[in-house]
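Two complexes, one shared chain (subunit A), two partners (subunit B, subunit C).
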Partner chain A sequence: MLAYLIRRIGQALLVMGVMATIVFFGLYTVGNPVDLLINPEDDLAAQEAAMARLGLDKPIHVQFGYFLAGLVQGDLGTSFVHNRPAIDLILSRLPATLELAFLAMALAVLIGVPLGMYAGLRPNAPASKAIMAASVVGFSTPNFWQGLMLIMLFAVFWGVLPAGGRGDTVDVLGIPLSFLTLDGLSHLILPALNLAIYKMSLVIRLARAGTAEVALQDYVKYARARGLSPVRVVGVHVLKNILIPVVTVLGLETGNVIAFAVVTETVFAWPGIGKLLIDSIGLLDRPVVVAYLMLTVFLFVMINLVVDIAYSVLDPRVRIRGGGK
Partner chain B sequence: MKNLSTAAVALALGSVVALPAAAQTLTAGFASEPSSVDPLYHNLGPNNATRKHMFEALVGEDENLGIVPMLAESWTTSDDGLTWTFKLREGVKFHDGGDFTSRDFLYTACRIPNVPNSPSSMAGFIKSAQTITAPDAMTIEVTTAAPYPLLLTDFASFGVVSASANGHDGPVEYLAEGCPGIDGYLDSNAYNDGTAAIGTGPYKFVEYVPGERIAMERFDGYWGDAPHWQSIVIRPITNDGARVAALLAGDVDVIEKPPVQDLERLRADENINVVQGASSRVIYLHFDHAGDPTPGVEGTDGKNPMQDVRVRRAISLAIDRGLIVDRIMGGLAVPARQLVPDFMRGTDPEIALETPDLDEAKRLLAEAGYPDGFKLVLGTPNDRYINDAKIAQAVAQMLTRAGIETEVDAMTASVFFSRRNNYEFSLYLAGWGASGAGMASPLRALVASQNKDKGLGGTNRGRYSNPDLDAVIEEALATVEPEAHDALLRKASRIVVDDVGILPLHFEVTPWALRAGLTMDARADQHTVLTSVRPGE
Partner chain C sequence: MTAPVLSVRGLRTDFATRAGRLTAVDGVSFDVGPGEVLGLVGESGSGKTITGFSILGLIDPPGEIVAGEVVLNGQNLRGLPEDAMRRLRGDRIAMIFQDPMMTLNPVLRIDTQLIETIRAHRDVGREAARQMAEAALAQVGIPSPAERLRAYPHELSGGMRQRVVIAAALMLEPDLIIADEPTTALDVTIQSQILYEMQRLMAERNTALIWITHDLTVVAGLAHRVAVMYAGRIVEMGAVDDLLDRPAHPYTHGLIHSIPSATPRGERLQPVRGMTPSLLNLPEGCAFAPRCPRADAACKTRPEERRIGDGRLVRCHHPLESGA
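Up next is the complex of A and B:
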């Protein structure tokens, strides 16, 4: 188990290194951030001074050298735009995104799994057909359109929820959280729902397919024949056996929700890391983009690790071993 | 995405806009976020607009960028034009209760070149000053090495910070090479957390949450007229559709840059009031005057056709600016031939707008040796100016009709400006928001020959170089007497127009959308300044 963990973390570091290198050189070829940061009224001398101040006047390999030297000391660089260490900037925005992501995933699972199982157990019921039709709409319409529709309905037409922003927050251990205040929660619901709809649709379909298959298996029939209550049959024996594909997909989707909630965060003006990323790319703020993507890679590798461990808990046949396959 | 957001907004029409709960708070949706609250950190539009609420400059600029007294009540210039004396306003208080005196202005000048990690410094605004001294607490004296007429505009461009709030209590002496007795300067983070964000403006700092909001409260000790709102909140909402939705939902009371395609519907909505006003931003085409051969041009045997004034004139004649203003800008623009609109200094009223003439354009092309035209690539950003890529498409069609087969190469601003600055276009579209200096602002930046030592031609990426023009611009920049200065600007403008050194298309008109019952002043610099928002139609 330990060897396995070490190998996985080694892989993560390697991928992070490759990623950082590609992004570093890639952004360099896109353009010069000073062209965007500088005021056009500034003359040529001021433009050169700004380049020198940000270290952009040096050849790219020298800049990369500085970057590596910083990396060894745990310094990912300072944002060109915000004058703060890139990693601080990302971490300061992370709670907002995590809060959103976890609520969205919770909604997706808590609503998606029961609905999907119901549709799987009673495939011909009108309610099941309605659930399946809704799930098709859920994952075939674009995310930003869903977001704007939610805003139109809940904020503009009915005026029950705010159209965007984060609302009041409470500091818990120095971390600002919004789900603990009524105002914060009201701001959180729409973006979380927007993020959740696609995942929920996916979970519904996976749960339905799994349930339809598992419900016909002999052990389920046997459990019924033995007189186990329907709640126990469905809630334990069916549920446990449909979860493997659901967990796999949720694992990947959690990474996506955290790292690339860009669209939702933009539409709802949610001050999370997705919005930070898109703004930083727009301004070619290289230290932030590089640090962000390194963090993302790390996150994905870690989530996959958790997923693998979850398999072994859910299915005793799956074993995690340190050696080769 | 734009079309869908339009559809969404269309759906929202007819809905009732809720009134905000606290009528004494004004919430505004900004299209872009300032990178800091520090007024001296980053010389960029959103920062400078936000600054105007909390920090004031020595002299102010009114809606049309005319100079008005602000922290300085009056000023005089010596006969040789080298010494400026400013009398400071009495009784001006900082937000922490301290008095504003000449010491604070000196400290501000000291800090400007020394803001740590500033991405775009304000240093250009004080570099013309050779000495800045304070004969007494209420007087500032500035000397320049040569007569410099734009000093007031420069001094209107940066906010004055408090020396004491920056941790400096003693007297201040300003020296261009570094101020003695000041060891270090606070960085922008000290302003972002509020400790040093102490100005003299009508609003004082309450809170800055990056990506989310900047909150301010009315400053009761303000020397001028008290603003209408007890507190104001600026929220960055970068997505166009979301910004309009936030206004319709009543989350915000005013938004800047409502998307052009939604304006008709917003105007028709009785719950929304749209305010608009002419801006100083010109949208122009710049020619590659130096490339030989020039990139993207085919069918000229390797020659650069842009070096021929007949070709440039033909291009100007082929473009129907009125049509672009009507059809593409929906009336939100004013056709241009000079580089600043006529309410600003230095425009020549006798220069008429261009009358499009396709036959004459073709004749000039033939005369220049291109009877069959040539192929051309027009570079443009697609997310920087109002309808930028659409304007470029229209221009391309008009040029193609005249025989110059034009293809549009549109790209995001970050890519465009880097490529433009590498001289990768033989014709490009860009914009220039002139400062209060009027015609002098685009003249010295866009068409004066590139000259690092003289600080000229900083954005002249067409590398236009005309010695006659340079001489007039340099003379104008050394003439302090306003009448004579403006006369020289008019002369320079005439030279540029006659030589078609650059090709202005139109001036943007800036719209704002507010909830019904509110109005505001439209500023020519396109800054959203919430102190002017008030009840009224």
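Up next is the complex of A and C:
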């Protein structure tokens, strides 16, 4: 187990390193941030002073050297635009996005799994057909459009929920959280739902396919032949056997939701890191982009690790081994 | 004869398929007394497994039990509400499935599966249930049962798993056990061990047992009475030795003579020619007629059950005389 963890973290570091290098040089070729950052009215001396302050007067490989030197000291650089350490900037926005992402994933699972199982157990019921039709709409219409429709229905027509922003927050251990206040929660619901719709549709289809298959297995009939209650048969014997594909997809999607909730955050003016990334790319704010993507890689690797551990909990036949594949 | 534990009368189970309605179990009647072992013999598709599930009330759509009675200890189970039926399953009637590799849920530990069964039927605590489960495992000859309880099914061999399933069936001391080819998937040595255990346990507890199989040699060693099924109907029934020595139905005769050991060395085996008919397209009258050497015009009408001697029934227009 320890060897396994070390190997996984090693992989993560390698990917982060490669990624940082590519993004660093990639952004350099896109354009010179100085053009966006300095005031063209300034005289040449002021412009050069600004460039020197940001380290942009040096050749790119020297800049990269400084970046690496900073990296080993745990310094991911300072934002060109905000003049704050990139990592601080990201971490200040991260709670908003995490909150959104986790609520969205929870909605996707808590609604998607039961609906999918129902559709799998009663494939011919009208309700099942409605569920499946809705799930097709759920992942075949564009996310931003779904968001706009949600705003139109809930905020404009019915006026029950706010259209955007984050609402009141409460600080818990210095981290501002929305879901603990009524106002914050009402701001959180629509974006979370918007983000959840696609995953929910996916979970519904996975759960239905899994349930339809598992329901025919001998062990399910045997569980019934032992006189177990339907709740126990479906809620334990079937559920535990369909969760592996669901967990796999959730793992991948959780990473996606955290890293790339950009569309939803834009539609709902949610102050998360997705919006920060888009703004930073627009301004060629290299330290922020690099730090952001490194954090994303780290998150993905960690989520995959959790997924692998979840497998071994769900299915005893899956064992985590240290060496080899 | 004492009152039967289970009495099945005119049981009929249909399946509505795309190609039409088929009758998988057609007017099946039999009794099983306490401590008695009834061998239910037939080829694949003869309806023997569906008969077992019909008794348990575990027929799922598109299948449906359309007629007949299933009387357990004087109580008719047909028309019993699902919840009452559920309480009987696993408690009064237990079932052992064919393939031990597929029967136990692969992601749940043995103890979880045994304890949940006990607690579905008895108002006992988790610890008491665990002790019952452990005792049950010990009883079917599983070494170090406490350790086996903590194992997952894939950590046990096929024979061991089948013992677990048998233990689960016996645990609540049911009145009736339906065993659906429980030894078919096992090695012969394990098979004989399991048969021996079953025989011993049935005799000890006076439990009625329906042993569903296609293997007449197993039946010969285990059952008291045999019912032979063909295309959803019981074609012959009687005491095991009598029936095996003097089969009256040509199909039973054919089955017995398909077994290599029943034929002297060097002589040709006499297989039953042809295939089991599709249930969707049964011949009129006697379903076996197209494969039967004795068939004639009379076989175009459906043969009724005939009593031939002590407890022997046969459904044939031209039964073989004794010792054919």
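Following the convention adopted for this analysis, the second predicted complex is superposed on the first by the 316 of 325 C-alpha atoms of A that agree within 3 Å, B and C clash if a C-alpha of one lies under 4 Å from a C-alpha of the other, contacts with A are read in each partner's own complex, and residues count from 1 in each chain.
The rule is short, and it goes like this: a residue touches a chain if its C-beta (ideal position, glycine included) is under 8 Å from a C-beta of that chain, and two chains touch if they have at least 3 such contacts.
None of the values given here were measured: they were computed from a predicted structure.
Novice: After the superposition on A, what does A:R232 contact: first (subunit B), second (subunit C), both or neither?
Specialist: In the superposition, A:R232 touches subunit C alone.
Novice: With the two structures laid over each other on chain A, which partner does A:R205 touch: subunit B (first), subunit C (second), both, or neither?
Specialist: In the superposition, A:R205 contacts neither subunit B nor subunit C.
Novice: Counting residues of subunit A touched by each partner, does subunit B or subunit C come out ahead?
Specialist: B
Novice: Under the stated touch criterion, which partner chain does A:Y222 make contact with: subunit B (first), subunit C (second), both, or neither?
Specialist: second
Novice: First (subunit B), second (subunit C), both or neither: which does A:P316 touch?
Specialist: second
Novice: Check whether A:N241 is in contact with subunit B, with subunit C, with both or with neither, and answer first, second, both or neither.
Specialist: In the superposition, A:N241 contacts subunit C only.
Novice: Quick check on the complex: what are the subunit C residues that touch subunit A?
Specialist: Where subunit C meets subunit A, its residues are 56, 58, 86-91, 94-95, 97-99, 102-109, 116-117, 120-121, 152, 154, 165, 168.
Novice: Would you mind writing out the residues of subunit B in touch with subunit A in their complex?
Specialist: 1, 4-5, 8, 11-12, 15-16, 18, 33, 35-36, 41-44, 116-121, 123-124, 187-189, 209-213, 235-239, 241-242, 245-246, 248-251, 412-415, 417-421, 432, 435, 441, 445, 450-453, 455-459
Novice: Across the complex, what residues on subunit A touch subunit B?
Specialist: Within the complex, subunit A contacts subunit B at residues 30-50, 53-54, 78, 80-84, 89, 92-93, 142, 144-145, 148-149, 151-152, 155-157, 159, 162-166, 266-269, 271-272, 275-276, 279, 281-284.
Novice: Flag every residue of subunit A that touches subunit C in the complex, lowest number first.
Specialist: My answer: residues 217-219, 221-229, 232, 236-237, 240-241, 314-317.
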